[in-house]
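Structure provided below as structure tokens; questions to follow.
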Amino acid sequence: MFKLADLAKNKELFSHGHRACAGCGEALGVRQIMLAAQTTGLPVVTTMCTGCLEIFSSIYPHSAWQVPMIHTAFETSASTASGVEAAYRVLRRTGRLNEEIRIIAFGGDGGTYDIGLQALSGALERRHRFLYVCTNNEAYMNTGVQRSGATMFGAETTTTPVGRKGYGKKQFEKDLTAILVAHGIPYVAQGSPSFWNDLITKMQKALDTDGPSFINVLAPCRLGWAFPPEETIELGRLAVNTLMGWVSVGMLTPEKSRVVAICAVE
Amino acid sequence: MGKLKGWRELPCGAIITDMSAVKENKTGAWRSMRPVWNKEKCKQCLMCWIYCPDSAIVIVEGKVTGIDYDYCKGCGNCASICPAKAIVMEKERK
Amino acid sequence: MILAKTGNEAFAYAMKQINPDVVAAYPITPSTEIVQLFSNYVSDGEVDTEYVPVESEHSAMTACIGAAVCGCRVMTATASQGLALMHEMLFIAAGLRLPIVMAVASRSLSSPLNIHGDHSDSVASRDSGWLQFFCETVQEGYDTLIQAVKIAERANLPALVGIDGFILSHCQERIETLEDQVVRDFLGRRKPAYNLLDWRNPILVGPATLQDYYFEFKRSEIEGMNQVLPIIEEVQAEFGRIAGRKYPVLEEYRCEDAEAVVVLMGSACGTVRVAVDRMRAKGKKVGMVKLRVFRPLVHSLLKKSLVKFKKIGVMDRVDAVNSYGGPLFTEITSVLYDTDERPWVFSYVYGLGGKEFTPEDAEMVLEQVLTGKEDELVTYVGVR
Amino acid sequence: MAQVLEIRWHGRGGQGAKTAALLFGEAALDTGKFIQAFPEYGPERMGAPVTAFNRLAEEPIYIHSGIKNPDIVVVLDPSLIEPAKVTEGLKENGVLLVNTVEDPGVLRQRLNLPATVRVFTVDASKIALETIGRDVPNTPMLGALARVTGVLQLEPMLEAIKDKLLTKFRGQEKLVESNLQSIRRAYEEVRGIE
Amino acid sequence: MILAKTGNEAFAYAMKQINPDVVAAYPITPSTEIVQLFSNYVSDGEVDTEYVPVESEHSAMTACIGAAVCGCRVMTATASQGLALMHEMLFIAAGLRLPIVMAVASRSLSSPLNIHGDHSDSVASRDSGWLQFFCETVQEGYDTLIQAVKIAERANLPALVGIDGFILSHCQERIETLEDQVVRDFLGRRKPAYNLLDWRNPILVGPATLQDYYFEFKRSEIEGMNQVLPIIEEVQAEFGRIAGRKYPVLEEYRCEDAEAVVVLMGSACGTVRVAVDRMRAKGKKVGMVKLRVFRPLVHSLLKKSLVKFKKIGVMDRVDAVNSYGGPLFTEITSVLYDTDERPWVFSYVYGLGGKEFTPEDAEMVLEQVLTGKEDELVTYVGVR
Amino acid sequence: MFKLADLAKNKELFSHGHRACAGCGEALGVRQIMLAAQTTGLPVVTTMCTGCLEIFSSIYPHSAWQVPMIHTAFETSASTASGVEAAYRVLRRTGRLNEEIRIIAFGGDGGTYDIGLQALSGALERRHRFLYVCTNNEAYMNTGVQRSGATMFGAETTTTPVGRKGYGKKQFEKDLTAILVAHGIPYVAQGSPSFWNDLITKMQKALDTDGPSFINVLAPCRLGWAFPPEETIELGRLAVNTLMGWVSVGMLTPEKSRVVAICAVE
Amino acid sequence: MGKLKGWRELPCGAIITDMSAVKENKTGAWRSMRPVWNKEKCKQCLMCWIYCPDSAIVIVEGKVTGIDYDYCKGCGNCASICPAKAIVMEKERK
Amino acid sequence: MAQVLEIRWHGRGGQGAKTAALLFGEAALDTGKFIQAFPEYGPERMGAPVTAFNRLAEEPIYIHSGIKNPDIVVVLDPSLIEPAKVTEGLKENGVLLVNTVEDPGVLRQRLNLPATVRVFTVDASKIALETIGRDVPNTPMLGALARVTGVLQLEPMLEAIKDKLLTKFRGQEKLVESNLQSIRRAYEEVRGIE
């Protein structure tokens, strides 16, 4: 359990001045994660996918990131992190870098469940040591709310509109967390910024993991979920508690197991 | 706009080196509602702080001391979440 | 040392001597052996390299980018579909000004699938901001790969060094190598323009830009390319001093009094040399201009050289499928556009998908250029 | 009216400035005009100041670049006036139309505008709340704009917009009606008409 | 009907009328709306289309290929990184001779990221064997997309129809549309060259080929491209008859007695028209040549038109980063190479990453061409 | 249980004349699968990845396939099949195709575990109805035995050579079958041509599945596994029975469950 | 080699339409060992047939009748697998 | 010897024709020659007939195209003679060297070769079995080839090959020795030397 007063001593590594929608759950999640990233006391280097996060945090000449950050393309957060980690290894091995650092890769659900899945899966198989955080708002928000592999059955998006024939998305969501568990990596978890303490605890565990780790962070989106700006936190809670497509028996009891157990929705 | 750099002044590679420049981006301008913090009512639980997406709750030595209107976008989550109702949302003037 | 090496072996050997910090690569015929042999060096501890066996070429280039932004010296190898799959990331590597060096054993593009040598793969990426070298022999491949590291790092731009798939990649030839230490001294250590792992001075790499900055960044990248030619020449000169071998950016072979020449790149230059010799022996005034550097487009050198000839055949080992001539033909006629002399220029496309190109074919082309064929816009050499 | 009438809309991401510009373009089209309507080209976030544009003309419009010196500026949210520098580039004899409770005269003074600029205000938010039931000022502002430009007649415009709204709201007639009502009211209630 | 539509809306509307069998696409700014709006038509049952919401553009193009080999009429939409990610599959679609039609709202390529309009994405795929059309207005986009289906199917080659990102994709303009039935009659049903689902007559699509056949297949594809121009002209003429609107492959605007012209493609043509008018009003003899068809390269038409002028500015909304001019500049000088008149040709690169291009900029360019600037090889319009 | 005499009445839809190595387990597996594909009585349309299979079955002008087959690229068997299935659907829906057909997509382990994983995962999430067969010889054979995600820990390949420092592959294999199970598709199985009856039974089940199905077929490779040509069948048996990286409690008891249960090696 | 088609004779698109052409590819030439089938010993279990990667075991009306040496590559799996040892491998002549 | 000596190897995928050509190239290099060695460019499968090539010259070799009319043909597997048409393109005064038990004369007659072609045979498989312990005829054939071409002397060649084999077999000296032994024996035992 973390105390807020302690946490408040940490730096805001994800700074204000970013251009997320007022009340953006993704921005909030990332801010909490970057606060939590300091719990290990080690410097952090980060990568990210194209997506809302990248657009709202890094329009030249402004960077909300107060840590090193690289964005290459949409599908490439994990593969970029692979390269960064390889560089880190060789520099450490040959004595050209003396400090231990931690690497965190961010990707939206589009960049993770869909277009970036392979890069992630490959990086996990190669056992690069980094934490991958999926900021999951269950659709492609940056391009205006299209369906993603994380979008739930029946959900309306701009590519699964409700119409005279259509009733929203026709398929169930991909259970990415289960897929990650099947990769046999040492730490997999789900979280939400609405449960800050849970999320931050999981962050700490993930960063301590010797090997790849993964956290799927459910992040309510103003635009996609269409709610008034002041309801972000509440919606995040509701989403978790109603198990709407977001079912993890281990979710709020991270102590019980390093790898959360998953039961599918279907 | 006059201060946009010319191409010869740009760094080699598409990089940002001044990470503090983001502070220029005063997102307070986005606000149409304004959170007003009531020191008296505040129980210092810091919930508003941890739940503000824009790090706009000012903390000094572990205590809330106000709101940074330069960046607060007026989303109202701090007000929603405050168990003591110490923050209320008001319309921006005009 | 004098060694017998195939093109792939020579590339792998050069890589061993270069001792890059990170190599991320994915197998594809005919370049596979390069990383395969290189991973022997890794396994034997002969290099310090961190070898990343990625799951696709898209990730290969991305991992290279990730490592290169950390200040590392980074290399990879690929061909054909692999290069095509990297396409998106090639532009990103150049835009980030990362001196990644890529060994290519060039091969045609699907469909239909074909594993043999032509230049479609590299040439289809010619706008990506990468330097491109095409080599005639295994020796030249070895020498150029080493030079390319230095050139790329001085120019802060990525570089591709191509040998023709199978024709060179799988052909053992006699090469002279440098001592390991000589190579390492020649290259020194990379001095990166920025370093992501310098966490005390955080930077953000690869931001979004709006209309107010993108063109300026691009302009600056373009200027990077504009500055490359003198760097190439300097590095070649320096290399020449230690290795005793010199490769002009543009070589004129028996061109002194030539009435007709062909211009081309890659392994077929050797075959053309044989043909030129044979024709010279018959008293025909023909010659060859060999182009080693395709990117940057060395327009001033091309113009200076080619303007001297009456008739020129431009030979492309790739077609642009645009109902016009080959890409090099297009560029060369463009470059010669404002010369007073304006030689006659003909377009020849040859050797696609590894189609055999023999000295007899070369003689046929030279003969045609000499007499001045004027029937078809493009001649497809050897097509049934 | 200039050969090409150029309009700039100011709103916040989510307030529908772009939609308003598009609707206005469609309405103008139906009156036989040549038109262009386009948003600010950029990543828009909810709450962030955004702009959108219209061009109207009697002849085909060929130009494909942005609008720097609008004839008319329409502001959907009064809190934007200062931060978004809404009067920047406004033509000397241009028009400023703002959704606000403020009076045109007061506004003119506060912004220190030259006499050549005509200023209009309308409480579109109130109208929207009273007719549509939510603070969606973009529709009523269409009415106010039609009035101040004079290029569109109220009734044909209502006709044109009705069509679009019926498609947009998938036939919810009542909602469409209240929207049209808001346009009509704003047309009437705009202040500053000499 | 007369409608107000943005470029994206017009594309989606045309697609509704075309009623393709399969659409496989992936969202990307600024083309996203096209499929987004199209999926409304799907959801409302207004089209028969099977819509495949793939997980990446690589799969988008691949699924299009898979559907097109089954004889279906297939469409997609993309831009920028999406087009770059498809790169490998573009060549495959063309090699398989599949008339897939792709709507592109063109946008620059990373790095740095930029979502705005320029032609880098399409132009970087110019060797892939796709037809490429660039449109000036929303109306032209609408009309061209419909024509492209017919042209592609007659040529058995895929076609890309580009509108400038944001500038047209997000700009509402007045357009005249055809009746649904008119469009369907105009297009008829696709008559595929082969059909994978005809299981009674099994075929194998996309084999490996060795040196003995690849070049011959490629040659046949090249010939396919060579035959396209008359098809375009016929289809345009036919379309003109039903729609009353004609678009020459190459349009000369106020060129009669022009001393200087600029050649360009896309939305900026409109802006240049304004500038030409203004300068003509001042008595300056300038004009514009608008190129609608970039692939095939219509060399004979270009030559015929451009040879008439003394001074030509070629305007590229993309740079080839090769330390030479823009790609269109290169091609046009090449095409004019063997003309006797040889106009002076200058290279202008403008509007990258959505950099604003105004009538004033256009006047500046025209003025420069008119006076005959001779300082730099390339002018980068509007770069600070 | 199938009888060989009955099976022998089926056509050889994968014909001799192909150019696989003498004793190739992959060629054998594919031949058995194409015999089994006839058990439903429906016509079959197929797709494949670049790899040994494609090279040995389709060098122009020769096709070993006696059914429609399309090869587009290396990573694209599943995405090509997506397109084919979409075409099939629309043609059926609009009455332009009257027969039911089955679609089978083939991919090597490289084309499935690694470079084609995302295309496969996406196709499964979209619930295209096709059977995906991974002909898994645990390395990239076509290019000369490089490591793949399916290569076992410690295995020597040309990119994981044993040397003074290297001892073979340093990572465990990706458990693709488990990952497929996590996708929640209705039928997932593993098989081997050495157990022909098991494999053919699974084929039948897979083709009857209404939705995506998957069979991971372990195929010994002459070149990669370096064995004398006559030992193919025996090696396939040994590989399954020794559970060498190929562990599935459901493997030989396909009757017990539609989705095989998996226990990881690590 | 004389019968290679010219480019004008090729189909539109890279396709193979004659699926029987593969029979021209007599892979029997690859064989250095030859399986010899002994009719007497054969129990007709068909194991050789199901396990031959090259469909080179000839079946007529459900019974093995021999080996198709045009395609048999001589891998020897039929011999290895035959429970009756009815197939033996011999060196190809010379 | 022609200005450039051209050799073609015939083997089966897996038999090491390519390796033999490369080793021969390396050995020739060490004697100061300019060399090329390359395999048939194509997808090779185990068991399938394959070819590989060598060029040897005193001067640099520029040509980069295939070999159609070899001076020498080397056959690693006698069962290939007919199916692989090993004598195709062989120069009129060329050399045919085959790993077989057959006598050169018999072979010449069977293949109906012109008198100008010289024929040599050696039982390399037997030699390999007796020295190396496996039927790997490619190494002994190097010895036989050196003998019939005369371009390489036995001892320097053994020296050169020893080096390569030591690397290839990671220092297994015994294996290297037996390989060298096989080369030596084939050099001696080749039949058909006049």
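All chains are identified by letter, namely A, B, C, D, E, F, G and H, in their written order; residue positions are counted from 1 within each chain.
The working rule: a contact is a pair of C-beta atoms (placed from the backbone, for glycine too) under 8 Å apart; a residue touches a chain by one contact, two chains touch by 3 or more.
Predicted model only: the values in this text are computed from it and were never measured.
Asks: Considering only chains that satisfy the touch condition with subunit F, which of them also satisfy it with subunit H?
Replies: Neighbours common to subunit F and subunit H are C, E, G.
Asks: Which chain has its C-alpha centre farthest away from the C-alpha centre of subunit E?
Replies: Comparing chain centres, H lies farthest from subunit E.
Asks: Hey, which chain ends up farthest from subunit A, C-alpha centres compared?
Replies: H
Asks: Quick one: subunit D and subunit F, Cα centre-to-centre, how many Å?
Replies: Taking the mean C-alpha position of each chain, the two centres sit 61 Å apart.
Asks: Quick one: subunit E and subunit F, Cα centre-to-centre, how many Å?
Replies: About 40 Å separates the centre of subunit E from that of subunit F.
Asks: Please report how many Å separate the Cα centroid of subunit D from that of subunit E, as a whole number.
Replies: 34
Asks: How many angstrom lie between the centres of subunit D and subunit H, each centre taken as the mean Cα position?
Replies: Averaging C-alpha atoms per chain gives centres 87 Å apart.
Asks: What residues in subunit A touch two or more of the other chains?
Replies: Correct list: 19-20, 22-24, 54-55, 58-63, 65-66, 71-73, 75, 113-115, 117-118, 121-122, 125-126, 142, 149, 229.
Asks: Send over the residues of subunit H in touch with two or more other chains.
Replies: 41-43, 47-48
Asks: Subunit B: which residues touch two or more other chains?
Replies: If we look for residues of subunit B contacting two or more partner chains, we find 4-7, 14, 16, 19, 27, 30-31, 73-75.
Asks: For this structure, enumerate the chain pairs that meet the touch criterion.
Replies: Taking the chains two at a time, the touching pairs are A-B, A-C, A-D, A-E, A-F, B-C, B-D, B-E, C-D, C-E, C-F, C-G, C-H, D-E, E-F, E-G, E-H, F-G, F-H, G-H.
Asks: Can you name the residues of subunit F that touch subunit A in the complex?
Replies: Checking each residue of subunit F against subunit A gives 113-115, 117-118, 121-122, 125-127, 149, 170-175, 178-179, 181-184, 264, 266.
Asks: Could you please specify the touching residues of subunit A with respect to subunit C in the complex?
Replies: Residues of subunit A touching subunit C: 43-45, 47, 54-55, 58-63, 65-73, 75-76, 79-91, 93-94, 97, 99, 101, 118-119, 121-123, 125-126.
Asks: Over in the complex, which subunit F residues touch subunit C? Could you list them?
Replies: 50, 54, 60, 71-75, 113-115, 117, 140, 142-144, 146-147, 149, 158-166
Asks: Of all residues in subunit D, which touch subunit C in the complex?
Replies: Result: residues 41-43 of subunit D touch subunit C.
Asks: Taking the touch rule as given, give the residues of subunit H at its contact with subunit F in the complex, in rising order.
Replies: The contact residues of subunit H facing subunit F are 13-14, 43, 45-48.
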